[in-house]
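The two complexes that follow have chain A in common; it is paired with chain B in the first and with chain C in the second.
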Partner chain A sequence: MPLSSHIGSQLVDLCSALLLLTCFAIVAQRRLSACVDLFALQSAFLALTAALVAFLTGHHHIYIAAALTGAIKVIAIPRVLKKVIERLNVKRELVMNVNVPAGLLICGALVMLAFFITQPIIPLGFLLTRDSLAIALAIVLIGFFTMIARQKAVTQLVGFLVMENGLFLGATAATYGMPLIVELGVFFDVLIAALIAGIYTNRLQDAFDSVDTTHLTVLKE
Partner chain B sequence: MPPIVQSLLLVTAQVIVLLAVSPFLVGLIRKVKARFQCRQGAGVFQPYADLAKLFHKQPVLSTTTSWIFTATPYILFASTLSAGLLVPTLSSQAPLNFAGNIIALVYLLALGTFFLILAGLDAGSAFGGMGGSREAIVASLTEPTMILSVFTIALTAGSTNLSTIVHKTALLEGIVTDPSPHLMALAALFIVTLAETGRVPVDNPATHLELTMIHEAMVLEYSGRYLALVEWAAGLKLAVFLSLIANVFAPWGIATTLTPAALAIGLVAYAVKIAGLAVSIGVLECMFAKLRLFRVTDLLGVAFILALLGLLFFYILRS
Partner chain C sequence: MVLPLYPRQPDTQRLAASICASVAAGAGIALGLLGLTAPEPVAFSISSTAPLLVFAIRIDPLSAFFVLTISLVGLAAAIYAVGYVRHFQGGTSIAALGSLANGFLLSMTLVVLADNGLFFLMVWELMSLASYFLVVTEHEKTDVRYAGFFYLAMTHIGTAFIALAYLILFQSAGSFSFEAFRHPERAVPEEIRTLIFLAALIGFGTKAGIVPLHVWLPYAHPAAPSHISALMSGVMIKTAIYALIRIYFDFLGGQFPWWWGFLVLLAGALSAILGVMYALMEHDLKRLLAFHSVENIGIILLSIGAGMIFQTYGLKEFAALGLLAGLYHTINHAMFKTLLFLGAGSLLYAAHTRNMEEYGGLLRRMPWTGLFFLIGAVSISALPPTNGFVSEWLIFQTLFLSVQLPDLLLKLMLPIAAAILALTGVLALACFAKAFGISFLALPRSAHARHAEEVPAAMKIGMGIPALLCIGLGLAPMAAIPLLDRITEPLTGVSIAGKVLALDGWALAPVNMEFSSLSPSMLAAMLILTGLLGLALAFLFGGRLAKRYYKTWGCGMNLSPRMEYTATGFVQPIKRVFSTIYQPTVKLETEFLQESRYFAKQRKFELHIEPVFEKHLYDPAVRVFLKIADRLRLLQAGSLHLYLAYIFVTLAVLLLFAV
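On to the complex of A and B.
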């Protein structure tokens, strides 16, 4: 190993912290296209983290996962979402279930929660990525919160994808990645989910002239 | 050299550097913005000429103003300059490091802001009051963020003394070197810098449009040498914040000993770092539009959460 494990573990921590940073930017961002850009940036950091872990541990299959993250989450899915957004008549989300400052405070509390939950587990680990586990859990929680707090289908989808990023980081952090065949399946699933959600958003736009998912709750025969 | 002479020399050098560099930073940001907007723009040394011109002009005072109005430029200038003397610039030893720590720095800057708000109200014009109330909103939101990010830095170095923090970080000894808390504190402090120095997402330094101005509205009644002092103090505040960011988060190159060679390297490193930061602020100003006043809380909320996370990360990664 060319780098000392201490510096390696710090680099991984730094990359995971950058992932968390972009999460907060997504929570605070109202413009739909900027949310998608931030998601692409977050995925780029995720790919970087995965590549770093692969480099530090010598597990070559993580390189493939990192490359797939780059191809699918940094390029393909944001492009699909941008196409969807082009068709919409809304560019920014003005009404949210939870307003931005309150949302940020809740997300801060979620990060604390994630840290306190994982705190008993982290000292038991011996992997250099063990500190990232707390961040991964925090990202999953924040993604989930974004899905609840937002009303537009596009930002809810971004929340879902952020959750998936958190899970991927968690898998990398806890076990140096899942077996390659599982990861391939997950990538395929995420891609298909994003495509379906894109089509669904377009249908929503056609049916209601809006992508506000709260319209679906009052759908009556 | 006896220590007293040494510290006097250090104070003089730092005062000269700060006073000289602050109009240049303002000019540099304006130049970068102009180039990005495909304009030629005024030269980077234009703010010096502006200051010289203002110092020669006769100030006009409204008859409704009290002593606060005339005292404020001096208080603002002095408090900002003393704050600047608490921040290490060329050498890791700040000239006034025996007199105050990082918390004193925050409140020296707040003192200037407080008097500026008072002066805005003092003239009795609607704009001054509006600017003052807006500045109070921004200042009350940035202060907790700044304190939290400052605590994060202080905790990692185990001291609230800026010289100690910078010295330890520059030599990479005796500090907890986890990058994540530093990263969070850096992001928070950068947003605070933009808000406190009246840069674009929060305030627009180039506008005189009544609906958008904050800092400009407060100083609207000032003229002549008073305006020059206020403007220079604003430039100084920018220089103080940029020096803080540059030397706390990337202190490399700073002189850790007081030899001439080390100080010369320190001067070059300092100039490069703060010029780089000023250029990045100029680029950011071109990339982002000014936020609506009631959206500023979102941005400062992000900064607050980042600073809070910095503190959290510190405790989590330690345990």
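On to the complex of A and C.
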């Protein structure tokens, strides 16, 4: 039993690490459709992690959450985003607030920050997923950073979704997932948020002939 | 108690709103009377999913009394609205006006019934918002929007302090229920109690309109439709009185240092005198009435403050008397102020202006309105045989009883307060001599006044109800005082009804028969008898009556409205006497004939009263606030990324701190 638990813990850590890796890939990627693909990949890893946790702990409701992650974040949302990208004909992020190498460095710093913060908490935990907490926090921070660093509304949305993935991982890591009803509510919220952001992007395009959110500064009085 | 309004027709909407409100008010009156006579407080509650929030309601005599007052005024206003609201038809949504007015009534009722601090704050806010939307009914006018904004800002400052008071109470009680406030788990330290006292005084004082927190009142009350003004002035500001009594006597157990009572007394005296002085200079009838609300709240607080001082020194009977007189004046003011605001509404309805200088001669055209307004005016001026007289007499007696206080300073100060009250009464009389005389007597001063017609029956009934109550409460204090005594008994621990009502209720005495006593009903009978006697004497000894109808003699000239006293002219002497307070600025422009400087072609006279509090207290505060806001504007760059970065940096820093 201790051995299998040890291996389980290692597997969960591996999956979490893969999630983090995709984050870095998103930060480094300029092409929008590739960003969306990476997000889908990240969500797939997340679903895998959740399924793994469900298998190892026997909490069956996490399977449902994993399935929903697969359906919504791997298939539905990327499809919506691809459509938006296609319609708006924006392929690349040309101007960035922070360039790619600097962005990667900052992300590295954020990961360190996340580990530093969670250091005093993790030894107190007794769940086999406890190490993922630091990674989850790092993903949230990187997602947030993506929202700040990028100017196109689509990538900002990807940043937001990455944050959400991080939160989901965090919830799974800290407490083996939230109650199913909360989980369902969150999924619904994310779906709605993606749809609204899609519409918002379209309107932005109509109003400014661009999906660059820096144009929003003119709305200030 | 409130039904949303579905009918499409404005006429039906108007009726439906008023019928719902009247039925609800009827139920409220019954509830109030039942609650006042019930032996035990009735409570009931619905729990909610939100933590700490319980929709709890409790009817003890104090709540019941306020429910009764609110319902009486609500009934009058609802009936009045049937006729009055007609003149808003066309521009304004009648359904919105009606349902807001009913919602306003409901929220006020809930404020005085609430038995949970959080629930109280909720309905209090609901009441403020409902009244705000009612104030801006005529939102197309700039000054109405300004009034509304001013009101909203002030009421939120007030709510902040109220919330502070309740949160402190919560801290020490460990629960939001009023029962826990009454009996906190651990004794509350003196400084904390002082903090609660001050926060409540400022917070509720803003709503009640004590000087210098009254500035919103003369803007907001006139801007609302008149029946709403009646509700706001008549009862809404009284909910603050309710809350003060509830907190001071009920939650804090009536144990306080002497200076608390003295502060309340001082605020009351200041409000009373300044309220009436500014009212006197006002020629917009509804603004004048709004200033009188400041005055009367002052009078009520004067009485309650005196009661608090007596409570401190353990003179329980006198404390009860002060509280009783204050509550009596509360319901009396609710009645006559409602009556007067409805009367002002009728004048506005008939003459389409609030400016008194354009009225005149309306008594002949609108005899019923005139009669009702006169009753209200007599009542607010505290003349017998009306209710205002009885309660103010009791307040005077309470203040005079201060000779029994051990503290010399207070022994001196309370009679000074009585003197201020006397001055207030005199000025109020002058003010209403002006208001009634200029509006109703002599010749019409404008085309509007010439074409005024009597108002519809519903409005007459709406005014008739408070008018009857004004006289009823004045003639029959023996019916009212035992009921009021039921409120003050649990708060002060003594019952004084038997001592206040001497000679089987035919006479009033301030606890002690030897001190002084008075019989309002006898006084009224005497008044009538004297009048009859005079007539009889004239009939017996006077000459033969010869009737001759002719114009008033005008030294051989034809009389015109231009010869009449203007409202401004009428109060000129008083303005001179108190010029240090008013700081008037007069602008006189004269245009002379070209031929000679001895003949003026046209004269233009402008008179402004300095709004002292706005200029020296509020304007600087607002300026500082705006300056800070301007500085802070740098933060608001309009960039989404920057905003996100703010949040991000805050998050990162907080996380680092948390480690």
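As a working rule, the second predicted complex is superposed on the first by the 215 of 221 C-alpha atoms of A that agree within 3 Å, B and C clash if a C-alpha of one lies under 4 Å from a C-alpha of the other, contacts with A are read in each partner's own complex, and residues count from 1 in each chain.
Everything that follows uses one rule, which is that a contact is a pair of C-beta atoms (placed from the backbone, for glycine too) under 8 Å apart; a residue touches a chain by one contact, two chains touch by 3 or more.
Quick caveat: nothing in here was measured; it's all calculated off a predicted structure.
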| item | value |
| --- | --- |
| Clash or fit (per the criteria above) of chain B with chain C on chain A | fit |
| Touched partner set for A:Ala193, first chain B, second chain C, both or neither | neither |
| Partner chain(s) touched by A:Ala17 [first = chain B, second = chain C, both, neither] | first |
| Contacts of A:Val90 with chain B and chain C, given as first, second, both or neither | neither |
| Which superposed partner A:Leu184 touches (first chain B, second chain C, both, neither) | neither |
| Touched partner set for A:Ile64, first chain B, second chain C, both or neither | neither |
| First, second, both or neither for A:Phe145, with chain B first and chain C second | second |
| Touching partner for A:Leu104 - first (chain B), second (chain C), both, neither | first |
| Shortest CA-CA distance in Å separating chain B from chain C in the superposed model | 16 |
| Interface residues of chain A shared between complexes with chain B and chain C | 119 |
| Footprint of chain B on chain A - complex, ascending | 10-11, 13-14, 16-18, 20-21, 24-25, 28, 100-101, 104-105, 107-108, 111-112, 115, 119, 123, 131, 134 |
| Chain A-touching residues of chain B, taken from the complex the two chains share | 177-180, 183-184, 187, 297-299, 301-302, 304-306, 308-309, 312-313, 316-317, 319 |
| Chain C - residues contacting chain A, complex | 636-641, 644-645, 647-648, 651-652, 655-656, 658-659 |
| Complex contacts: residues of chain A adjacent to chain C | 97, 113, 116-117, 119-120, 141, 144-145, 147-149, 151, 156, 213-214, 216-220 |
